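Written below as structure tokens is the structure these notes are about.
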Amino acid sequence: MKMALRACLRTKPGLTGLLSQLSCSGHAAARRAPALVAQRSSSSTSQKIKVDFDQSSGVAVMHMQSPPVNSLSLEFLTDVCIALEKLEMDKSCRGLVVTSSQPKVFSAGLDILDMYGKSPEHCAEFWKAVQEMWLKFYGSNMITIAAVNGSSPAGGCLLSMTCDYRIMADNPRYSIGLNETKLGIVAPFWFKDTMVNTVGHRATEMALQLGLLYSPAEALKIGLVDQLVHEDQVLTTATETMTKWLAIPDHARQLTKSMMRKPTIDKLAANREADVNNFVNFITKDSIQKSLGMYLEM
Amino acid sequence: MKMALRACLRTKPGLTGLLSQLSCSGHAAARRAPALVAQRSSSSTSQKIKVDFDQSSGVAVMHMQSPPVNSLSLEFLTDVCIALEKLEMDKSCRGLVVTSSQPKVFSAGLDILDMYGKSPEHCAEFWKAVQEMWLKFYGSNMITIAAVNGSSPAGGCLLSMTCDYRIMADNPRYSIGLNETKLGIVAPFWFKDTMVNTVGHRATEMALQLGLLYSPAEALKIGLVDQLVHEDQVLTTATETMTKWLAIPDHARQLTKSMMRKPTIDKLAANREADVNNFVNFITKDSIQKSLGMYLEM
Amino acid sequence: MKMALRACLRTKPGLTGLLSQLSCSGHAAARRAPALVAQRSSSSTSQKIKVDFDQSSGVAVMHMQSPPVNSLSLEFLTDVCIALEKLEMDKSCRGLVVTSSQPKVFSAGLDILDMYGKSPEHCAEFWKAVQEMWLKFYGSNMITIAAVNGSSPAGGCLLSMTCDYRIMADNPRYSIGLNETKLGIVAPFWFKDTMVNTVGHRATEMALQLGLLYSPAEALKIGLVDQLVHEDQVLTTATETMTKWLAIPDHARQLTKSMMRKPTIDKLAANREADVNNFVNFITKDSIQKSLGMYLEM
């Protein structure tokens, strides 16, 4: 979450480290430019997401290219969901690799600008888009592989965890994790459920309470990512790995994936509205808005 | 599952490897002989299963000796269940070691011949026997130790996972796993539940989606087996390990085992009929039967 | 549990090892002295528990000093709960370290003297106190760190598992685990749930069935403790670790902790009375009382 990266002034303790990380990714600087917001338009799909679909292999690669750090804004999330839906409906598309075109970052997470100074209605729409992204990716019939070629905090980590397999760049300057608490906010239950399904109950309890960001080596050790390769090899390894997954008959694989994930998906699907209300009530609190505002002014 | 090993022609990708494995286990060759089916009779209990019960130690050893690869046919499953029930009712029998008398294989899994060209009624009866085997083993009051002295795909892996402890022969030519998807079929929810209870959610998700067969070393690493020993030592190690388990008062151990497994057992117990119907509907589909037939003709 | 350490004569197999462990902790010898019981009084809080609260750091240290082995008696449990409640209500107290002032033992577990020759009413009151301790610790809003500076069987292991983080003395003579079955008794479902949340389903199944006591190194390997340090460093490491946890905003950390633990806590909260009845029915059985009596006479 950019929210996670920017949000609350109450979060001094871990902030210095995070900020230095931010500036190293060029994010803080770029985000300050109002121009970025102005660039948004409903026709930006082709700008912010590039999808290469290789008909012969049945594999698509989704390049996230929303400068500077692939923040998950309402607009970007909408574009991602539309792109995913198109691929999902194309029966010839069996596999999807998700990666970043931005240097040093996979995705910095949710966009704070969709939470600050916005109407409750806007915040609700934003949160529905976050839910939609998760529901679509976690429940995708396609084989999904995250080519995590940079840092992946909060919502970026969530996105990678929705995939069937995670390959991360073996660069110790990158990190991955759900670091919400460090910023004074709480990962919702379905972020938590996704992490429990990935690394188990105990590792999740530690990770979420401490808002841990793991180095690639640590992430591999607890199972938050499945494989580390040199930075230059992330995408090619993802493509090679895909071959192994494509060898499995789709129908059987899809039913199996659904059997594993359906209970977790159903939990959010049955509670979307309450979850939206929770988020809106939290984010529109004066204290939280004030914190967001002070942070943005910095 | 022999079904898993033979079933669908749609499964070309992984099949070559599996077939070579089959021929090395002598299975494919032997199974082609119709004589095998003819050998079946209701009095074959003593032929296909040998139970050695040592009254002094309270430990029985069940040798599966159904050539060539201990396929779990309706007949064999029935024999296994009857043998298990007898031991279960004998209060002097506290522990059971399950092993194979066939070379190189523990059990190749469910028998395709009970699924091909059979009436829905037969298929239903067969599936009830698979359920019965699982219910009896997973819920056994005895200490159960699997002495996995050979390959153990699909139903063979399931059988070993129902036990309290798994010792496998440290021979890299052997493998173990639920490889159903590789053959275009899907492990039912209770196979999945058993694996989740054994290796956790994430490892199960990978294993089941990819239909992974693990080498003994890999199986040990993810916790699919508990111990590796030299091929010659599997049975003696099982007996030695049993001593440790026998040191625990039966009543406390049984209540503890039940506490751990009852929720999983109750799930199938409450859904046996629906699960049978699912299986019969799937297996009697023209497309599946055709695939089975073509494979058998090969 | 001292119960676990003393209880049933049916438990010969593992008992020798346990008894030698007991005598090494000075427990068996000291416990034989009836004087210990006589020392009990309702005003002993300050005697059996010493709480050092450092207002400047917001961290309290609870020293358990109930000779000889910090047995969890009704009285001691009550004192612990009162002390915890006071700290919980003090908003300036954000973290709690639990440790032992007794040599070689963290806590030996539940006190058999509260289960032997007592009225059903007394046993019920005792069990409610055990539940209360677990509910208060597992649901604490404070950061809780167990400084496990000695052996920690049964109830002692449970207490440490309720904490957010466990640091154990790296002394191979110490051990930790839920060893109830070895003594012919069964860990209740909420002991089991706590362990599953800590080390997963499979490790718990093995640990509980076999009543395993782990060496510090083994405990670290399965995740039963989080860190090993030299005996002299346990408490200082706990304090240093606390600093990392204090860096997280309380509100976010508390909500996250509750999200992880609430379902487990709710299970007992909704079934306290049935759980008390189960315990009382079991412990007041003639056969169990006889075993307890014979053991105490030894």
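The first chain written gets the first letter, and so on, giving A, B and C; residue counts start at 1 in each chain.
As a working rule, a residue touches a chain if its C-beta (ideal position, glycine included) is under 8 Å from a C-beta of that chain, and two chains touch if they have at least 3 such contacts.
The structure displayed is predicted, hence computed values, not measured ones.
Chain A and chain B carry the same sequence, and matching their CA atoms takes a turn of 120 degrees, rounded to a multiple of 5.
Of all residue numbers that take part in the contact between chain B and chain C, under half occur on both sides, making this a different-residue interface. Here the CA centre of chain B is 40 Å from the CA centre of chain C. Counting partner chains per residue, chain C shows two or more touched chains at residues 200. By the touch rule above, chain A contacts chain C in their complex via residues 8, 10-11, 13-14, 180-187, 189, 192, 200-202, 204-206, 208-211.
On the chain B side of its complex with chain C, the touching residues are 164-165, 196-200, 223, 226, 244-249, 251-253, 255-257, 259-261.
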